[in-house]
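See below for the structure under consideration.
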Amino acid sequence: MAQSVLLISRSAPWAGVNAAEALDIALAAGAFDLPLSVLFMDEGVLQLLTQQQPQLLQQKDVTAQLQALPMFGIEQLYVAQQCLNKRGLAQSPLALDAEHLDDTQIQQLIRQFDHVITL
Amino acid sequence: MTTLHILNTSPTASTQFSSCLRLISAGDAILLTGEAVQALRDGSVGAQALSSTNALCRLYALEDDVQARGIDTTHIGVTVIDYPAFVALCVEHTRVNSWT
Amino acid sequence: MKFVINVLSPSTAPATRRALVFAQAVLAAGHDIVRVFFYQDGVLTASNTQVVAQDQPDIAQQWQAFIVEHQLDAVVCIAAALRRGVLDQAEAQRYQKDAVNLAAGYELSGLGQLHDGVQQADRVISFGGA
Amino acid sequence: MTTLHILNTSPTASTQFSSCLRLISAGDAILLTGEAVQALRDGSVGAQALSSTNALCRLYALEDDVQARGIDTTHIGVTVIDYPAFVALCVEHTRVNSWT
Amino acid sequence: MKFVINVLSPSTAPATRRALVFAQAVLAAGHDIVRVFFYQDGVLTASNTQVVAQDQPDIAQQWQAFIVEHQLDAVVCIAAALRRGVLDQAEAQRYQKDAVNLAAGYELSGLGQLHDGVQQADRVISFGGA
Amino acid sequence: MAQSVLLISRSAPWAGVNAAEALDIALAAGAFDLPLSVLFMDEGVLQLLTQQQPQLLQQKDVTAQLQALPMFGIEQLYVAQQCLNKRGLAQSPLALDAEHLDDTQIQQLIRQFDHVITL
């Protein structure tokens, strides 16, 4: 049976290529039909916001990558509630259907995977 | 003899905000660029940190960075500026301190 | 046990030296290294144009020597490498660049190689940041 | 089914500590490497942050990094380990979570 | 007014693009740029081997075009560049490296050039980090 | 008259080459007889500690650079007291004779210089 991976994405979408490069890992897993889940936490939760216009910054846009996740079969998406709260985003609509988790739920989540890759 | 302080990291990701806010003098200005504009989100910890400085110095934010992130700035006392105004701000102050 | 080691920082970061000493300890303990995967700024570690002052340790050179000595499978993510200007002969030709700077012993390939390694591994460990 | 968490940034420079400490489970281990060993300095804000976790999980620190910085660890409950023990710690735990 | 602009980040960092747009605005306002100094990871911006996907902006290329167009004095710190593998013809020869990857328009020189610029400048501004 | 520079050094000595590259700016100023002062703050205060053994990490050692500062005429050295306190170093001996400044004193210091370079 394939080994499962939890990818923890902690980078903001406009702070360089880190966020995009983390999502590329997820898309590659999808392309190979491997079980990978993504947890957005810390600055990474900002990737999920709507109403963004990255073209203003002439930057690689992660929106297309995010939207491709379900198409590549990467459908287990999670977001850390506390990280949204700290940023005044508790009620904000999110671009993806990610499950909101509190700290205890994240602790349980981590224990379900063979490997964790935090970027 | 005032200083323009430029921040570029998120208030929730680095100590740039707390270090800079401790060292500003009356008449100084703070310009938020890049991820530092996250501090303008209503109800965020960054907005709280900034609220104490309003009396002391003027707060500016780079328009491109604010708009790209879809941040509403109507609730906070910030002047949103473009790059020509950024240059003018450098001229207006005696020195520039970029917190990188 | 089988290890996959991810290197995410350039040779000037202490994390990249810790990755090397860790990898040496993995082999010394009788474990296997399935693959070393260089990603993000870690791809810069695989450049052969870095020049270190004589009185200072050359971590990039030490990594390369370690890879060659143990014939490790050292894969550099091709997309991350192109973005940061680390090219092998084929990519330099494809994009009409004059310089080839991927050190010997490293291979440019895709992220599939990361997952392929992870699927074979008992433990995956990353070294990044500072 | 425990996790080895590896930290490598200073508790006064990044949010790695606070994020990691919120997510550890009973039986997990934390290994301090690089600048993360600054949290072992007596009386530092890092040492305060760590003090709450002692009951929950074991705390380790990489010997090279501790000694290079001349840090005295006698006042705090930490096991100082070398690289062979670092490898053994990875084997002992089910998975490794490197906070980079 | 006379400006010195320091670039401390690689081309993938948004700070490096902000530095470029700022520099363009400085000239547009009728001010002078005495020197652009590339230091720390900023020296990577001056490499000519970076390959950017076609649908994405090439900030390194934009910086180079801007420097050439306005004949700016663009100095790359030689010590920082050697350490990170950015070499001109002379340094590649000196250290027997096969690849030359300093883009045209840039010059490798010492930190004295930073101070020389600062002494001529009314304002010094750095762009680094993310 | 030469323009004065305040160099604010915020990087730890073992976290890569940033701290060393900041000190190189100071030494170059000294070589050209230019008025430059150094303020150590945030992680940068760690550069001043004694009893360090960077050779254990095979790293560029900033000790030699620090000791060269006075020889190069860079003698106005300052350290942020609050940053020492936070790190449990309020009473630690320092390798260099740097003046301890509180926040108000640092505010005054910054105003005395033509330029500030923070690294």
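Read from first to last, the chains carry the letters A, B, C, D, E and F; within each, the first residue is number 1.
Here is the rule we go by: a residue touches a chain if its C-beta (ideal position, glycine included) is under 8 Å from a C-beta of that chain, and two chains touch if they have at least 3 such contacts.
Nothing here was measured: the structure is a model prediction, and the numbers come from that model.
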### Task
Provide the labels of all chains in contact with chain A and in contact with chain F.
B, C, D, E
### Query
How many links in the shortest chain of touching chains run from chain D to chain F?
1
### Task
Using the touch definition from the top, list the chains contacting both chain E and chain F.
B, C
### Query
Where are there more C-beta contacts: B-E or A-E?
B-E
## Note on the structure
Across the interface between the identical copies chain C and chain E, with over half of residue numbers shared counting as same and under half as different, the residues used are same
### Between chain A and chain C, centroid-to-centroid distance (C-alpha), Å
25
### Query
Between chain D and chain E, what is the gap in Å from one C-alpha centre to the other?
39
### Task
Give, as an integer number of Å, the spacing between the C-alpha centres of chain B and chain A.
28
### Message
If a residue has to touch 2 or more other chains to count, which residues of chain C qualify?
### Response
8, 12, 14, 83, 123-124, 126, 128, 130
### Query
Going by the touch rule set out above, which residues of chain B reach two or more other chains?
12-13, 15, 34-35, 64, 95-96, 98, 100
## Note on the structure
Expected list for chain A, residues touching two or more other chains, is 14-15, 17, 42, 57, 59, 115-116, 118-119
### Query
Pairwise, which chains touch?
A-B, A-C, A-D, A-E, B-D, B-E, B-F, C-D, C-E, C-F, D-F, E-F
### Query
Mind pulling up the chain A residues that touch chain C in the complex?
2-3, 5, 17-18, 21, 24-25, 28-29, 31-32, 34, 115-119
### Task
Can you check the complex and tell me which residues of chain E touch chain F?
6, 8, 39-40, 79-80, 83, 110-112, 114-116, 118-119, 121, 123-124, 126, 128
### Message
Show me the residue ranges of chain A that touch chain E in the complex, using the header's touch definition.
### Response
14-17, 57-60
### Message
Applying the document's contact rule, which stretches of chain D touch chain F when the two form their complex?
### Response
10, 12-13, 34-35, 38, 41-47, 64-65, 67-70
## Note on the structure
The residues of chain D that touch chain A in their complex are 1, 3, 15, 19, 22-25, 94-100
